[in-house]
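After this come two complexes, each holding subunit A, first together with subunit B and then together with subunit C.
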Partner chain A sequence: MLARRILLRLLQAVPTLIGVAVLVFVLVRVVPGDPVAMMIPPGASPDDVRRLHALYGLDRSIPAQFALWAEQAVTGNFGISITTRQSVTGLILGRLPATLELVALATLIAVVLGVALAVLGTRRAGRAGEVAVDAFAGFALAVPDFLWGLAFIVGFGVLLPLLPISGRADPTQAIAASSGFILIESLARLRFAAAGDVLAHMLMPATALALPLAAMIARVLKASLAEQMGQDYALLARVKGFSPLHVIVAEALRNAAIPTVSLTGVQVTFLVGGTVLIERIFSYPGIGNLAIDAVINRDLPLIQGLIITFAVLFILINLALDLSYAALDPRLRRG
Partner chain B sequence: MGLTRRELTRREVTRRGLVAGGVALGMGSMLVPARRAGADAGSVSIAYNVGLPSWDPTVGPSAVNPTIQAIYQSVFDQYVGQNPDLSFTPGLLEKWGWNAAGTEVWMDVRKAVVWHDGTPLTPEDVRWSLTRAGDPKSGNPIQFIWGNLSGFKIDGQRVTAQAKQFDPVLFKWMAFLTGYVLPRAYYEKVGPEGFEKKPVGTGPYMVDAYERNAFLRLKANPHYWGGKPAIDTVVFKFVTDASARVAEIESGASDVTLEIPYEEFDRLKKKPGLKGVTTPISDIGMIFITNVAPMLDENVRQAMVHAVDKKLLVDKLLRGYGVPIDTLEAPQYEAFDPSIRTPHDPKLAVEYLKKSGFSKSKPVKFTIQTTRGFKPKDYEMIQAIVGMWRNVGIHADIEVYEIAKHFELRMAHKLAPAAFYNWGNAIGDPTTSTGFAMFGPSPHSAWKTKDVDALIGPLWGERDEAKRIAGWKAVDRYVAEHALVLPLLQYVQPIVHKDTVKVVPSISGSLQPARFTRA
Partner chain C sequence: MLRNWRVLLGGGLLLALAIAAVFAPVLAPYDPLDQDLAAQLVPPDWQFFNAAAHALGTDSLGRDVLSRLIWGSRVALTVALVAGALTALAGTALGLAAGFFGGWLDALISRLVDVWSSFPPVLLSIILVALIGTGLWSVVVAIVVIDWTRFCRVVRAETLKQRGMDYVDAAVVAGLAPRAILWREVVPNVLPLVLVLLTLEMGIAVVVEAILSFVGLSISSDAPSWGGMIAEGRTIVHEAPWVLVGAMAVLLATVLGFNLLGDGLKAELDPVLR
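Moving on to the complex of A and B:
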């Protein structure tokens, strides 16, 4: 049943991906910015310009270029990057683990912090604690993630230099990793010093990404918890003598979680988009940073490959979200 | 179902304890203050302003990116070297020249040079590199220069080649974009992808580790023909965000950084332990004038030029970090002529406009295009210039575009009547400044008229060097007298470094770690 459901969702995603591919392909070719114009040096003649257009296949019609690209793309080959002259698929797969680890850590921080704030706010309802939680959530929401990033750089990178400002790991040290998931691999191989170094590099960008999402989770979950705490089962638990914290965590939290999970899933997709700026600010070598370079250099094959990758990520996150609903709400498991 | 405490075996308790302890240690190491750069006396970290897209310095867009050349020049050697003052010096060629007829070039390849993989550099490497660069299929953007050579012959250390035409700048290009010697045997063995993974050059540094968009770690080449560099390990951190570069140097995480806002440069250089150095570089800010209405009216162009107070722009917007210029030749270029002047004279500008019936109440109108944030204060500078123009009777609307659009429009000769741009010329020759910016057939020129082309045309193949330079000065004078372009300023490169490192800036803008020493 579950496998069929997953398969169905994946099949539904195919037209979406085709639509995205066509749209992106046409858009990146009609917006101003010729990649060949970016690289012609002083003294190049119109013949040189034509030669470079032909070299990169840009002299063909857009439908002809798309047909060629689509033929390769169905086999997972997104062509060759104009800037680096390397396989787009290889470039993206090489950077994707860094972004996935960053997004995963940011989501973890957001969920832990958001839930903690919501529980604290519910526990301290009507008192100064709730006001403080609401104020923090409001502030965290009002400040965009890239500003948090810059504030962290000044705070914990310069004034109180506790954490590294740029990169994914200390460039003077060699971190041996056979996969791109160097944090997960370091932890799995019990290389804690390496894991600590990688985590130190990720902490500021991940927290900057996480704070607005944590604030959103805190607000929605707190509202849901307040509603659940007024339900009969919660009142009964209180009458039975359970502490308010126990009732919140053990009784109300699960029932209050569904709208929060829904919101988190949607927001995580935005969080993936947020990596573009955050990775740039922290010089973090993920696909967000790669995307900015691709756009600056008008590297059309790389832009296309990256947008398809982002689209696939969004689809997979939404699929995971649907499945998590079923896990949380038994009624949905029966369809 | 999880294990209960009773169900845990001693072994599991020990294992979990070890893991927990390890995690605690790892977390603890996170909170130890971030490692200071240069803690190791033989290491220098540079917070660098661009990344490195590709390791092949002869193909693709990165091959013509001037800022990336510093990295290439650390790992590879050029045919001809260049000193910080733009003068030329032997590189992998010890001597070079043309035959008397100007139909053949000869190049003496340096002896006793080894590639980073230990194999010797041979004249065949030079022949292969030049042949490959001249092959239209190679993707070398400068192919039109290298394609001039063919019929290579090797005799001992000497390589000769036939030239289709005499080119007075050919050997200068050998110290410029794509002028690098690559190892034939190694490249053919590993292929382009293998070369990207493990590049091999003859340069002062060898690649130790490289992570795209993150960092590059280099180790000094102990067998370098020019002597082992003073700094053993150099780390280029690719920090493309200027505020992050400021934070890198201020926090001590990097030893050197460059291309930061001038306000930050002035602040940082006063901090204990940091020093600042500025150098005028071979990069100028200018306004292209396109030969369309209303620019076909010389009075309008003259008014545009004379209304702009370049010194004020430099002093107020760039905090004095810039050199006002009147031609496309910066003072360090070969054809620079200080006698060519286009002084700020708003009254004269008003008179010029009056001749064509324009005034403050009846201004001439056109669009000026500019980038925003591509160069220091570019948009602000154009705003100020538009204000200066308004005071004499010119009403210009500002259109902001991306640099990619500028290139596309310029190539198609569709720029607005006025368009701001910056022009680099690291070899300082007039062909690569005035020549390509003003010669009509060039895809880079905006003013395309036969009178200018007639002046420039004969200079491309001029064999008398003194006559050639004098010819270019005459072109610059003609261009200035007829206000065919509006040169603004020569940019200044700000570099901040720790006082423990001695940095040698270069007019080309190429910050080469091989020139670093310990202070």
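Moving on to the complex of A and C:
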């Protein structure tokens, strides 16, 4: 049943992906500017330029180029990057694990922090604690993640040099990871020194990404919790002698979760978008940083491959969101 | 309205920004492009009566940080005003059309808003600028193309609400033409909301410009812009943290200024909240 549901949703995503691919392909090609201009050495003859165009298929019509590209893309081949001359698929797959780990850690931090703040604010409703939670959420939302990242660099990288401000792992420390998922692999192999080093590198970028989402979760969840705490079942639990904290965490939280989950889903896609900038700020070797380089160099095959990658990520996040609704609300399980 | 501390503080910060932008040639102690290779990475030296001292230090080319920050406010303010106004105009027009005329037009615009706002804005702006080319005007276009939905969504909802009000029915009964109802009855009631959104949008526009300058997709890196200074300051953060800190501080003050003013205006313009 669940497998069928997942399969159905994945099939529904196919037209979306084709749409994105066509749109990007056409847009990238109708804008002025020669994509291979950077590769042309000074003094190249017009013949050389033509040969270069032919090499990348740029001498054909746009539909013909798309047909060629799509034919290769379905086999997982997204062409050759113009600037690095490496396979686009290889470049993206090499960087993707770093971004996925960063997104996962950021989401974890956001959810833990956001739920903790919401529970704290509900527990201390009408008192200084709630005011502090509201003020923090307001400030965290007003300041963009871009500035949070930079503030962390100055605060915990320079003034109080506690954490590294660039990269993903210390190059001097040999990290013998065989997969790209360095953090997960080091944890699984119980290499805690290596895991600690990777975590230290990820902590600031992940927190910068997480803060706006944490603030949003805190706000929405606190509002839903306040509503739930006024329900009869919550009052009954209080009358039965359970502590307020127990009622919030064990009774109200689950019922209050659905609006927050639906919000978190949209916001996690924004968080994935935010990695582009945060990875740049922290020189973190993920696909976001790669995307900016690709854009600056007008590396068309790479830009296309990256946009498709981001689109696939967004589709998967939305799928995960749909499934978590069903887990939270039994009424949605049939369907 | 001036008794609201948010309006006062936010307005004050933005007034300082506007003064810096308008009087940049008078206020800046140095030419923002002047390189002084004998005075590279000079730390901040605050002397009250000596403007020639580098109050906020110099960057790696010996350019005066304070002067560059002051001149950079012109870029920020230009983008805030132009991109903010154009975004408000486009989004409000579409929102009014969707909310007032309804039908297929509403369905079309609403669907477009839904699809549009499901993409992460930062990623979208970088891709857009990559497509249309770098430069300040590309940044403005990108902001308008991405952010019109913020206005459209809110204005549409408010227009729907206003259209259902008794005074609109009264105007219909009195024989007013639909276009007259739109302009005389609905628009004036939607306008305060647009003003609040515009204030917030200008703050967003300043950040987006700084982000695109930081990435290297806005104005050229020589020209003084806060985002460009942040990019340079980031690379020399260990040698000269004052470049990054200075640019961050003015950007943060500007963002908070627009946010405070927007929140304050919302509270002041909404009779229910007041």
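We take it that the second predicted complex is superposed on the first by the 331 of 335 C-alpha atoms of A that agree within 3 Å, B and C clash if a C-alpha of one lies under 4 Å from a C-alpha of the other, contacts with A are read in each partner's own complex, and residues count from 1 in each chain.
Quick note on the criterion: a residue touches a chain if its C-beta (ideal position, glycine included) is under 8 Å from a C-beta of that chain, and two chains touch if they have at least 3 such contacts.
Bear in mind that the values here come from a model prediction, so they are computed numbers and not experimental data.
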item	value
Fit or clash between subunit C and subunit B when superposed on subunit A	clash
Subunit B versus subunit C as contact partner of A:280, first or second or both or neither	both
A:183 touches, of subunit B and subunit C: first, second, both or neither?	neither
First (subunit B), second (subunit C), both or neither touched by A:153	both
Partner chain(s) touched by A:110 [first = subunit B, second = subunit C, both, neither]	neither
Which superposed partner A:84 touches (first subunit B, second subunit C, both, neither)	first
Which of subunit B and subunit C A:229 touches, first, second, both or neither	neither
Which of subunit B and subunit C A:199 touches, first, second, both or neither	first
If touched residues of subunit A are counted for subunit B and for subunit C, the larger one	B
Partner chain in contact with A:253 - subunit B first, subunit C second, else both or neither	neither
Partner chain(s) touched by A:95 [first = subunit B, second = subunit C, both, neither]	first
Footprint overlap on subunit A, comparing subunit B with subunit C	32-33, 150, 153-154, 157-158, 165, 280-281, 292, 296, 298
Contact footprint of subunit B on subunit A as seen in their complex	32-35, 37-46, 48-49, 51-52, 55, 81-86, 91, 94-95, 150, 153-154, 157-158, 161-172, 174, 187, 190, 192-193, 195-197, 199-200, 203, 280-286, 289-290, 292-293, 296-298
Complex contact set, residues of subunit C against subunit A	118-124, 126-127, 129-133, 207, 210-211, 214-217, 230, 234, 237-238, 241, 244-245, 248, 251-252, 255-256, 259
Parts of subunit A lying in touch with subunit C, wherever the complex brings them together	27-28, 31-33, 142-144, 146-147, 150-151, 153-154, 157-159, 165, 266, 269-270, 272-274, 276-277, 280-281, 291-292, 295-296, 298, 303, 307, 310, 314
Subunit A contact footprint on subunit B (complex, rising order)	18-19, 22-23, 25-31, 33-35, 40, 43, 45, 47, 51, 53-54, 56, 59-64, 136-137, 139, 141-145, 177, 192-193, 196, 209, 211-217, 233, 235, 237-241, 243-244, 247-248, 250-253, 401-405, 407-411, 431-432, 435-437, 441-444
